[in-house]
């Protein structure tokens, strides 16, 4: 039980590390966000779940589940908000970017957007 | 065996924290720094849970929960400021 | 915990340096905030005792051996007070900065010459 | 807070449903946070009720969830699908990060979703953000703007088929 | 140039002044006598598992009353500086993303609940009135960020703040009447150690502080938002 938890935690920490590494290596902010969000969400999830598996008497499972749920819900949301802000702020995409439909549509219509209806 | 693996995991997490910190220092735009800070926060949450487990204090988990909420709201605030929404 | 004290000391000096050298009022307030944090760190580190844990009793820390297991609760309580007071002061300074900006259209401290001799 | 007047019967029903689901959710979170003895139960009930009453004027987003047995079953299945995609996505990111050449062909594409409800769109966008090589950057109506780390289709239909369909077919049942 | 040297001189003097803090700092080997009294008697006398809470609410209750008063003064000052008669959304401010609006409508009640949990469990967990108040305020802040045209009802804010303040002082007076002194929490039964309804009046007092701090912070944020053009 404890060994399984330790292995899961180790896998999670590897994902956290890869996420941070991707944050360092990727060429522009949007690609960095890709690495940052996905790998760290998965990494945190595995890291905490492994700890809960190995130490369930000490720390209790319920709150750990709560942290995991909260991270899964809020992490993509905050990344979306930040990516949108970066795009609106005019931070350029990387040089080898193929196409940018959002900027194209943005120019086509000037009225304020975001209503969603 | 298991304890060694846990220790290695914590060390890897700390290394990830440092790497994200480098991005926060060099990040060319403010958005880069905020993303790096967000990643650092999430890694710190994991490490707080790690501490809670190894010091056998369940109460530290509460700190992690509140920290994740506050960091989410902070990132939203900065994002809204960057897109001139507030 | 001498390291924490040193870090707190460094933060106080950095914050003071920022307050003395920056010209933008918002940056001066940020410098104040950094110095404030340094003071909190120093106060907490004074109450720390080696190898002890947070002064909250539960399953892990029994009431019987609390005197041997917990750190000093008084500095923690003082820091709680200090944080709230610091927040109040920062809010007030920011409100004042908003009014100054409305009055002169600038946040540069060199534009406010009324109190200079 | 924001005024939301229940204009007709349907919105009133949606609002009531929202309140009910929210109440259950709040109770669940309260029990996950604290211990589960009698005093906590009573306090949790009172606090949840108070919060539901306080926030009644917010948009009733949870009212769009369908509570049929089929929707619940698909919901559980969706969680499995989601975790599988999350794992694939992470291996994908790991491969790209470790590769010394950094194989990227990024760009922002449009996709179109069939989902009508707000919460469905939110869950879809979150799922897209957490799955291989895609990140939701913008939303306008039923168009989602996706940053794709390796563009395989430049047109709307192809991108929609690749990115959205695998989640949408489940989410359609749950949220409509 | 002179400015630069003056700055260095002032900083050097500050370092000289503060350096004894570092060099003379001898780490404690034992708890200080005050802390020994608080840690030894506190759990039995007050029934609070969180020793910091028992210090903040009961042993040093007057400090906390003053602290809340300072926060109130700051909120009033911000209101005085930045108050506007009417609020309208400033033109040119961008609407938030539709996803963020949906997420907020769903997350706001949950964050409020966590805030309430934190301040009702101040005697058992690391939480407390100030932390819970900040969480409640940040939930409302999230709502204000996501909805450009939304506003907070001033009536509710002012009533919450005034009533919780009045009740806080009233609880203090009850301590004077029924127990040893002002803000003494021992006039309610101590209950079973470690349960929610324990530690006398500490949870009640801390909840009132939480509500007061939360509404004050929301007031500060609301004023700042209206003031900034």
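Chains here go by letter, A, B, C, D and E, matching the order in which they are written, and residues are numbered from 1 within each.
Here, a residue touches a chain if its C-beta (ideal position, glycine included) is under 8 Å from a C-beta of that chain, and two chains touch if they have at least 3 such contacts.
None of the values given here were measured: they were computed from a predicted structure.
Peer 1: Using the touch definition up top, find the fewest steps from chain C to chain D.
Peer 2: When the steps are counted carefully, the minimum from chain C to chain D is 2.
Peer 1: Which chains are shared contacts of chain D and chain E?
Peer 2: Where chain D and chain E share a partner, that partner set is A.
Peer 1: Using the touch definition from the top, list the chains contacting both chain A and chain B.
Peer 2: Intersection of chain A and chain B contact lists gives E.
Peer 1: Taking the mean of each chain's Cα atoms, which chain ends up nearest the overall Cα mean?
Peer 2: Central by C-alpha mean position: chain B.
Peer 1: Out of B-C and A-E, which chain pair has the most contact pairs?
Peer 2: The comparison resolves to A-E.
Peer 1: Measuring centre to centre with CA averages, how many angstrom lie between chain B and chain D?
Peer 2: Here chain B and chain D have centroids separated by 23 Å.
Peer 1: Between chain A and chain D, what's the gap in Å when you average each chain's C-alpha atoms?
Peer 2: The separation of the two C-alpha centroids amounts to 15 Å.
Peer 1: Report, in whole Å, the distance between the mean C-alpha point of chain A and the mean C-alpha point of chain C.
Peer 2: One centre to the other, that is 31 Å.
Peer 1: Residues touching two or more other chains, restricted to chain D: which are they?
Peer 2: 29, 33, 118, 121-122, 125, 136, 138-139
Peer 1: Where in chain E do residues touch two or more of the other chains?
Peer 2: 94-101, 103, 114, 125-126
Peer 1: Where in chain A do residues touch at least two different other chains?
Peer 2: Residues 19, 21, 33, 41, 58, 63, 66, 73-75, 77, 79-81, 84, 88, 113-114, 116-117 of chain A each touch two or more of the other chains.
Peer 1: Every touching chain pair, please?
Peer 2: Result of the pairwise touch check is A-B, A-D, A-E, B-C, B-E, C-E, D-E.
Peer 1: Give the list of chain E residues in touch with chain C in this complex.
Peer 2: Interface residues on chain E, with respect to chain C: 7, 10-11, 14-15, 18, 21-22, 25, 27-32, 34-36, 38-40, 43-44, 49-52, 54-56, 60, 63-64, 67, 70-71, 73-75, 77-78, 81-82, 124-126, 128, 130, 193-194, 213, 220, 223-224, 227-229.
Peer 1: Help me check something: in the complex, which residues belonging to chain C touch chain E?
Peer 2: Residue list for chain C touching chain E: 1-2, 5-6, 9, 12-13, 16-17, 20-21, 42, 46-50, 54-58, 63, 66-67, 70, 72-74, 76-77, 80-81, 83-85, 87-89, 91-92, 94-96, 98-99, 102.
Peer 1: Which positions of chain E touch chain A when the two form their complex?
Peer 2: These residues of chain E touch chain A: 94-101, 103, 107.
Peer 1: Give the list of chain D residues in touch with chain A in this complex.
Peer 2: For chain D paired with chain A, touching residues are 29, 31-33, 86-87, 89-90, 93-94, 96-98, 102, 104-110, 118, 121-122, 125-126, 129-131, 133-141, 143, 145, 147, 149, 151, 154.
Peer 1: If you look only at chain C, which of its residues touch chain B in the complex?
Peer 2: 53-54, 56, 58-61
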